[in-house]
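Labels run A, B, C and D following the written order; every chain starts at residue 1.
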Amino acid sequence: MCRWLAYSGSPLLLERMLLEPEHSLIDQSLNARLGAHATNGDGFGVGWYGEGQMPALYRTTRPAWNDPNLAELSRQIRSEMVFAHVRASTGTAVQQTNCHPFRYGKWLWMHNGAISDFQKVKRELVLAVAPDLYPEIEGSTDSELFFYLALTFGLERNPPAAVARAVGFIEQVGQGHAIAHPLQMTVAVGDGRALWAFRYASSGRSRTLFYSSDPATLRWRYPQNPIFREIDDRTKLVVSEPLGSTRGVWNELPNAHSCTVRNGGIEISAFKPAASI
Amino acid sequence: MCRWLAYSGSPLLLERMLLEPEHSLIDQSLNARLGAHATNGDGFGVGWYGEGQMPALYRTTRPAWNDPNLAELSRQIRSEMVFAHVRASTGTAVQQTNCHPFRYGKWLWMHNGAISDFQKVKRELVLAVAPDLYPEIEGSTDSELFFYLALTFGLERNPPAAVARAVGFIEQVGQGHAIAHPLQMTVAVGDGRALWAFRYASSGRSRTLFYSSDPATLRWRYPQNPIFREIDDRTKLVVSEPLGSTRGVWNELPNAHSCTVRNGGIEISAFKPAASI
Amino acid sequence: MCRWLAYSGSPLLLERMLLEPEHSLIDQSLNARLGAHATNGDGFGVGWYGEGQMPALYRTTRPAWNDPNLAELSRQIRSEMVFAHVRASTGTAVQQTNCHPFRYGKWLWMHNGAISDFQKVKRELVLAVAPDLYPEIEGSTDSELFFYLALTFGLERNPPAAVARAVGFIEQVGQGHAIAHPLQMTVAVGDGRALWAFRYASSGRSRTLFYSSDPATLRWRYPQNPIFREIDDRTKLVVSEPLGSTRGVWNELPNAHSCTVRNGGIEISAFKPAASI
Amino acid sequence: MCRWLAYSGSPLLLERMLLEPEHSLIDQSLNARLGAHATNGDGFGVGWYGEGQMPALYRTTRPAWNDPNLAELSRQIRSEMVFAHVRASTGTAVQQTNCHPFRYGKWLWMHNGAISDFQKVKRELVLAVAPDLYPEIEGSTDSELFFYLALTFGLERNPPAAVARAVGFIEQVGQGHAIAHPLQMTVAVGDGRALWAFRYASSGRSRTLFYSSDPATLRWRYPQNPIFREIDDRTKLVVSEPLGSTRGVWNELPNAHSCTVRNGGIEISAFKPAASI
């Protein structure tokens, strides 16, 4: 059920993070190790902050591993904040509007996981989306609807609080339909300056999430590794699964936790759903 | 804004109706003459009744004129009822789930035209769809939503009455948003036994619609024409624009009228929107 | 490097062979067990004999597992001879003209494997294709070129002899370029009446190939199994890997052997490359 | 038969040249005025020089007018040399490898027109391609083969001479097959520093080609026009048809002429085919 990567740091060519790592996201599209599905071939997307305030999107329904355009663009585009996602559909159509990341104004959002019994609860969730936001929904996924719920609950003012309320609301609606474990999620959301990542599951057994260690330490430990010399000390990655096997690079974010990447630092907090009203 | 064809009659190879006519639907995808757009290259779809009760769909986002699979399938598939549609998007995404015809159970639906200011009225229209039908909506078009409104208003029991109520409802919602001309439409709907076609516009200026003349007469008049010998007397076509220039073949359905094709006959009626409640 | 299925027998709906088996070809597109790649997501194709003498093709660049059109068509099309193939590219572009099966007149061809160092030997192989056949080559794969070599060497008159000569020629050209193991292959070829399958590798370690047991025996052994009651005694399948785990259904074709399915029987022979001149 | 645009000048966002002009290339994909086809919906491509020496490519089989990725990328990518092309196939498959521009090392090539009776002469032309270049051919078009002939005849050393020899050779081969008018062409070729454009037809009636006037003059004449203030004096465009109706901006390149854009200047020369040996 999808793999993703969120990057914040030095302006880096996309190929450095998307193509070159030993177990890159492209490799994970064919051979994920820790996900629910080994193959994430139902489309992919990249969002990045470049010219202008609004992030740009490149999304297609092809598997990431066989799209020549992705390789071309990855060698041309540099960015200080990048979201990338490979999709394994949990039922909704394979179409561009269902590819992550989703965008609203300067915000990007991506999700790994699922809202359980989505067809049962969809209408009730849709009705809770703010009427002025509703027409902006372009696709049919649970993930995009989750984003619009978070926006409705104040994502633009306070992302962790809004995500907590959206999760609380999804769980409350799910419980109303006697759904045992309404939500499974890792989520990344950002606005070009900061990014937030969340790991949570109603069942308590959430998908994995990892964040990268301090670049200064890595540079000191692996002085020959060119990538650690290329990135500056502010650089952070949050990923569904480690991009390689180098020791000391990846730290697991525990279940029911979130992290905030901002001003070159990373802050870990406990996460729990909030009552939505 | 799209062109379409609805066929009911002898089991005919799709190529006879889709590829071979002088001004076939494929030709109309490149060079429509009577439509709002000359090019209908934003995907297409074919629905037909074959094995089983439920109709089959073949829909893609490619332009109809350059899809080799369409040509292949057209030479293999015979059917007694066929719906085919070439799309010119009026704003919603080019994706398979937005390609006509739409299907619900044994029903097929296709539409040429638009609900005006769709983004403004979409939420209100969505809320009116029966909650048990709502999760079946797969795409994001006005046309599919119009279908689900008609289903909500009883399409399966009485198609003309349900379409009249759906139109009445769309106009009422549009007027509530001060939209001068809320709807523009030709619509075809069928269940494998009968088909209904509608031509209407809130503005009074609707898109063209034509139906074919009695095959017996055409056979008598054009004894050399092989297609008139191949089709039996029950055969009827309803089309956005004539498939050729042979005289006497095509009759215009007047504005604000509908026709019912059933048991080999065609019946023309006046059409007017009905109060939806 | 691809998985395939070749069917000859009772007119059967494609879904019976493509979608319903426990380890169907669609399942193999996601989770092949015996192939060089677990994922065969670089397009797929189905060829079948239906209306007219020439077989029809449905081929797309999507992974087979996420194409709704394939499911639709599989429920509508019945055929007495079907070729189906899911592709894992070994380097050439993911495009419709590179999807198997390939067609020439009434002939279909599909291939699992590769011509080694194809870019090195391509020109020399192309020059050997009969000049009148050359312009018919539409794609850029080794597999299609192999087909045109077999056609050049008399496929239409004597398939086993022509394939043996094509293989001999490919090996000879490869050896001229000091390529240790020039060819790896399982191949199926048919004309609507008979089909031939080949298993061979220059290295001696060829990809797996299996053929189905006699339907009468299977029916007697598994009287409850509906598929064995639906197919008649002439029915045979040749597949890259077994479609299920029912005992006694699948027999491995040994390395360096071929089989001929014709008139309801199957005949196994040793296969060895022939001098091409 | 295709429309194209070649840009050399100030680092400009692609949207300025591809999306914003009144009669932009995207508009020409739907409504070409001067071409052989009004619709150029069989794929498109953009090539540009950015990071690294090799130009980047973004090519897809979708019509340019309905690809959201093209709009996204156009708002992010700035370049000093850009090639863009919208395709109307003259028979070869709609696939990425057939989309222009084509690339070899640092070279880009695009073509509007056709080699007549291509299937008849293809083999003879292919045989003339240098054996070491031959395996680089990825698609099946006449246009890409024409590029490889020009490369064979020395494009990297002297583009006008190599194109003249390639044209001479194509005409000679065509005449050998009694083809009255073997070639129709406008061509652009560039290496990131200079670009060359050619207009020629064996019949004498070639497709249109236009180049832009001196920016300093345009700025003086239209002081309010923002685009003329954004581009510097070196900037030049060569296009299949004018991007707008502003007077004095576009100059027709006469039939049987070429132009060279280099060091901010443009030079017009007569063009005639050369003996190829």
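The rule is simple: a residue touches a chain if its C-beta (ideal position, glycine included) is under 8 Å from a C-beta of that chain, and two chains touch if they have at least 3 such contacts.
Bear in mind the structure is a predicted one, so any value in this text is a computation, not a measurement.
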TODO: Please state whether C-D or B-C has more C-beta contact pairs across its interface.
DONE: B-C
Task: Copy pair chain A, chain B: interface residue numbering same or different (half cut) - done: same
Task: Rounded Å distance between chain B and chain C, as computed from the means of their C-alpha atoms - done: 40
Open item on the list: Two or more other chains touching the same residue: where does that happen in chain A?
Closed with: 68, 93, 96
Task: chain C partner contacts - residues on chain D that touch it in the complex - done: 93, 95-97, 119-120, 122-123, 126-127, 131, 134-135, 137-140
Task: chain A-touching residues of chain C, taken from the complex the two chains share - done: 30-31, 38-39, 41-42, 61-63, 65-66, 68, 89, 93-94
Task: Parts of chain C lying in touch with chain B, wherever the complex brings them together - done: 13, 48, 50-52, 56-60, 68-69, 72-73, 75-78, 96
